[in-house]
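Every chain is named by a letter (A, B, C and D) in the order it is written, and numbering of its residues begins at 1.
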Amino acid sequence: MTSLSSPVSPSASAGPGQPEPSAELDALYRGFSDELLVPLWTEIGELMPRTPSPAARPHVWRWDRLFRLAERSGDLVPVGRGGERRAIALANPGLGGAPFATSTLWAAIQYLKPREDAPVHRHTQNAFRFVVEGEGVWTVVDGDPVAMRRGDLLLTPGWHFHGHHNQSDRPMAWLDGLDIPFVHHMGSAFFETGPDQVGDRSAPDRSRAERLWAHPGLRPVARPDPLPNSPIAAYRWEHTDAALDDQLALEREGHPGVVEPGHAAVRFSNPTTGGDVMPTLRAEMHRLAPGARTAARREVGSAVWQVFDGTGQVHVGERDWTVTRGDLVVVPSWAPLAIGTDSGLDLFRFSDSPIFERLHLDRVQVG
Amino acid sequence: MTSLSSPVSPSASAGPGQPEPSAELDALYRGFSDELLVPLWTEIGELMPRTPSPAARPHVWRWDRLFRLAERSGDLVPVGRGGERRAIALANPGLGGAPFATSTLWAAIQYLKPREDAPVHRHTQNAFRFVVEGEGVWTVVDGDPVAMRRGDLLLTPGWHFHGHHNQSDRPMAWLDGLDIPFVHHMGSAFFETGPDQVGDRSAPDRSRAERLWAHPGLRPVARPDPLPNSPIAAYRWEHTDAALDDQLALEREGHPGVVEPGHAAVRFSNPTTGGDVMPTLRAEMHRLAPGARTAARREVGSAVWQVFDGTGQVHVGERDWTVTRGDLVVVPSWAPLAIGTDSGLDLFRFSDSPIFERLHLDRVQVG
Amino acid sequence: MTSLSSPVSPSASAGPGQPEPSAELDALYRGFSDELLVPLWTEIGELMPRTPSPAARPHVWRWDRLFRLAERSGDLVPVGRGGERRAIALANPGLGGAPFATSTLWAAIQYLKPREDAPVHRHTQNAFRFVVEGEGVWTVVDGDPVAMRRGDLLLTPGWHFHGHHNQSDRPMAWLDGLDIPFVHHMGSAFFETGPDQVGDRSAPDRSRAERLWAHPGLRPVARPDPLPNSPIAAYRWEHTDAALDDQLALEREGHPGVVEPGHAAVRFSNPTTGGDVMPTLRAEMHRLAPGARTAARREVGSAVWQVFDGTGQVHVGERDWTVTRGDLVVVPSWAPLAIGTDSGLDLFRFSDSPIFERLHLDRVQVG
Amino acid sequence: MTSLSSPVSPSASAGPGQPEPSAELDALYRGFSDELLVPLWTEIGELMPRTPSPAARPHVWRWDRLFRLAERSGDLVPVGRGGERRAIALANPGLGGAPFATSTLWAAIQYLKPREDAPVHRHTQNAFRFVVEGEGVWTVVDGDPVAMRRGDLLLTPGWHFHGHHNQSDRPMAWLDGLDIPFVHHMGSAFFETGPDQVGDRSAPDRSRAERLWAHPGLRPVARPDPLPNSPIAAYRWEHTDAALDDQLALEREGHPGVVEPGHAAVRFSNPTTGGDVMPTLRAEMHRLAPGARTAARREVGSAVWQVFDGTGQVHVGERDWTVTRGDLVVVPSWAPLAIGTDSGLDLFRFSDSPIFERLHLDRVQVG
């Protein structure tokens, strides 16, 4: 992406399709520069590559290091109004230091000490939390306290007020996923503060949203219309785990259901539309049986994977990593991805796929 | 509807908007008749009433009598190819003896003796079974055996092969709901036979469809597209019951969720769209808390209600009935309906509402 | 359909799948009758045929005879409040004298004498007018006067107030198409009267609706949302004619566009959705080049065709007719249809196809 | 946007919500940097502003200067394979020299000398041409030659092969609009070359696409399904002009239709869906009557306006310009826009609004 953010000096390179250097050409290019213009013919290779060439690069972040830095932040950085959250974001090495996992996705570890509150606010960015370990925090979404426990996916769709509070005597950390880089690029960010502390400090096992909506195939007659976001505030691990087990069992019995041999996967969905949980974000849980290996697959759009359990090998583009619980892998657009495991592997995945599908820009290549 | 199916003899009635009787008019009307024509002006009151005036009438059928006749049919009528099903349908008193609960809906009691098979077939009519009592039968839908138990809703969407077999030593009866009258009127019925006996005679607790699809808010990644019918073969009572309980508990705690005071209701839905279980049929379960009474409500489209549990009073149009377990009440289009109970009441409901909503012909009036 | 409207006496016929006659069976059937019940096994052949067997039959009505009877009605029958319209409907010979072209479609000739008004009303039935000859009448839809001329299709979607007035010194007749039989069967008819005369008696060449909406691919920014009905009040013959000519010219040049060789066709559409003009009715214009012959085609759902120009042969089911300007042919559900012409033929067609497509009950077989 | 692309040095700024500087904090921040992490609390003001603060700035480009530089490019820069197009793009002063009008939109002047060909290629970026003056070029889209004339909007949806050739003895210039910056950011660019010259060198007045699709409210029966892009290759000025005139005439007669007093506007639409012409781009034409002035309006998403005819005043954010034929104004996300004219003004507008609407991120504020 260098040429696009540098001053234009195209006359140096008379490659294919480029005019020969000359004084007249220099003058023309100075004219462009003076008028805030840039010719296509010097930039087209960058702007219109044969296949996607995203600035983001494949990378892995290790959970144990993230966690230690989060703990240390707990010692040094207060959480409260202004900074809002004790969250530490992955900064893709291809994105110039910006706190962006990819050009669309934000992934961060958030850390809350015992009895702390993260203050209430709302924003147009869509958000979720995924819990790789720990418990004891309730996220309160529009006044509804939602327990956070290992394996759960918690939603905070855009423009819903939310705060977190730790009810326990232990710190807790989790993964925050948002579309911050996308919304930042698009210029569609709105933000509003609420109270400094969450109002409802009760600690129910199930949120009110779950009690209304998390029954399989059932919806309240009082709310018949489609909703832009899933109303299921929390997707509980017990259900996700059971659904993955069922797929692998069906495969063993000779029936369809899995994505490919030894590879079960469920998508978290909006029960009022059947679509993704939020308009910009897809969330899925994948389970590889021991010995399974996925076909190489590339798709338009970027993704972040987090190991939930087990150990395995991840191949992204030219890179290979062995990953274990909590590790985070970033997969840029169109980078081939293959995953294998000897002993079994559970992975959480989130991506920006709904954006591409809604805009007819999606494309997938397998094998 | 008499005038529409009788020979036209309009000259007798010179009401508002009607021409005066005369010999010339008689000749004109004979000319119409000879040419297979009917004038609007003699029929408009029937064809274009101020508000819907359906031919179907409110009526109640008592489960105990249905069941006794079904048992007797078990003695006298074999089940097998040709007759296909030992099903006995409600014949609305306004519909001239046709086996139609309303002009769109079919409701029947089906009865299967120990070890019997209802042969495999498929048809474009959409079908479901609802179980008010008993167990021991598996309905096999496209080769997938689905257990039937009290409180369960089982789907057989159009053009899916299905047969039933009773694995137990006891007879079983249940409610069949279909869109037979609608499809009959519309001329869209196709039918095909399959094997005389169901192939897969296993008796699993959960169907394969449930194992893939009946996890709250989760769908298999391998099946990402919307489906015209719900893939959830069985909606189990334990989930329905819990969802209704949750709504009433939320109401007691001061939160929204119920339809109106003391009246919880869930709609069985297609998790791939959020819409109704099948394109022509809506299915819901309602629970009235002790002492509750619904507001009078009329809507375009007809419905059949079956008491699942408890006792209550049902008011439809000018009629009032006390109803108890298994009783079936037919509510014609635009007939006001109100239900009350002193001791609590659970009701299953199905209707043709999706037809009207998809065609922008729906209308509702409450109170 | 006889057995469905007659008293049930099934014991007479012990065909395949039927129990043997006996006194016990007679008693059982009497029990059914007493309880308003009908067994499936005696009715299944009628209710669940292998392929659709609609009650409506293929038939042709001749425009010259319709027109003469309409003229005579003009002499004898006033138009005004109560009778509402001087419209004379096709009564399908299979539908027992009811004024229904098919079980869903209404087709009538409407006749208005010089200077007459048909009073303002509205109803939930969807309606259109198609003009096979003449001019001079304005139909006023929600206060917007719409000129009627040969070849034009005029819309009056459900629940829009409308009246007609003849501004000329000559009578005018046209085809009315509605979904009256469908709405009648479904119990969804509402009706309301407006003024006895149309308010706006101006006679503009173009309606306001056309000025806003009848520009190709352009829509007013002030009205960005989808509408259930097309807002184009009138589809003018000059556009329809040009579009058909363009298709046949493209075919001659070797490019796609026609339905099949020598057969051009356009569908009137809702520019805010791309779908049909109204939720229950499809309208199309077809042009056969001289010597063209369509492939035999059957589809679920019924249609009415009116010859707009030329002469041809129509084959429906087992029937064959030579048809000419104004003649009306009724095609029941699933009846094979083939049309040919030596000299060229223009045909208007309307059908109930949108109902089937929205309910996933559509099916087509060609050849 | 500086902090996001600079190395993180947050310890310098202990603002609201920021921890006090300290050696420990420095060490923590070095740890973040080593691990490719960035804390939210130092970046939140940039990432989550109260209201959108896009990097793009309001700016105007003058057509006469663009045109002179394009002419000069015609002298010095050949058009052909490699550089592909003689197109010169607006480089927003807030976007660091990249050839982006806004962070999503590309706007360029393209220039073709007499008898030149721009070679055939295709790409996933959606494109259109708008002609502010001149004629003589045909753009050939998937083999279909489309004439370009003043006032016309020509579409080249993503992944359609296209080339241009100038059939005349005069040069021609026009506006190219694409979603290049969006697709670049999203990593979804694919590109493929076709022949070096367009194949079909005929010069028809109307394209085949127009002959099939540009009839008001009519669509070919042979193509019944929705299409992601409008199949109307060219929206001709005569239709656009007439539609705008009609709106202003309706306003003078007291009827609805205009956006606001004196302000007519049409949206170019996809006749198969009623939606925008392409999934990422909206295109509209606006006409202000003499003396008209629009209400200040801000909306999420960015736009480019080009004066088609007349003279007026444009206010964007804190900037004011007098604009005339061909001038281009860039309106960043959420910047208030007001336009006025004494003598009448026609403006073409394109924007990224469909992206926001499909993702439920749209927001509008008027007045």
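Here is the rule we go by: a residue touches a chain if its C-beta (ideal position, glycine included) is under 8 Å from a C-beta of that chain, and two chains touch if they have at least 3 such contacts.
Computed from a predicted structure; not experimentally measured.
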Path length in the contact graph (chain A to chain C, fewest steps): 2
Both-way neighbours, i.e. chains that touch chain C and touch chain B: none
Centroid-based (C-alpha) most distant chain relative to chain C: A
Selected interface, A-D versus A-B, where C-beta contact pairs are more numerous: A-D
Length of the line joining the C-alpha centres of chain B and chain D, rounded to whole Å: 52
For chain A paired with chain B, centre-to-centre distance based on mean C-alpha positions, whole Å: 44
Gap in Å, rounded to a whole number, between the CA centres of chain D and chain A: 29
Junction residues of chain B - those touching two or more other chains: none
Chain D-touching residues of chain A, taken from the complex the two chains share: 4-8, 15-19, 22, 24-25, 28, 31-32, 35-44, 47-56, 59, 61, 65-66, 69, 72-73, 75-78, 80-93, 96-100, 102-104, 108, 123-125, 158, 180, 183-192, 228-229, 279-280, 300-302, 332-334, 352, 354-356, 358-361, 363
Chain B to chain A touching residues, read off their complex: 208, 211-222, 224, 226, 230, 232, 235, 239-240, 242-243, 246-247, 249-250, 255-259, 265-274, 284, 286
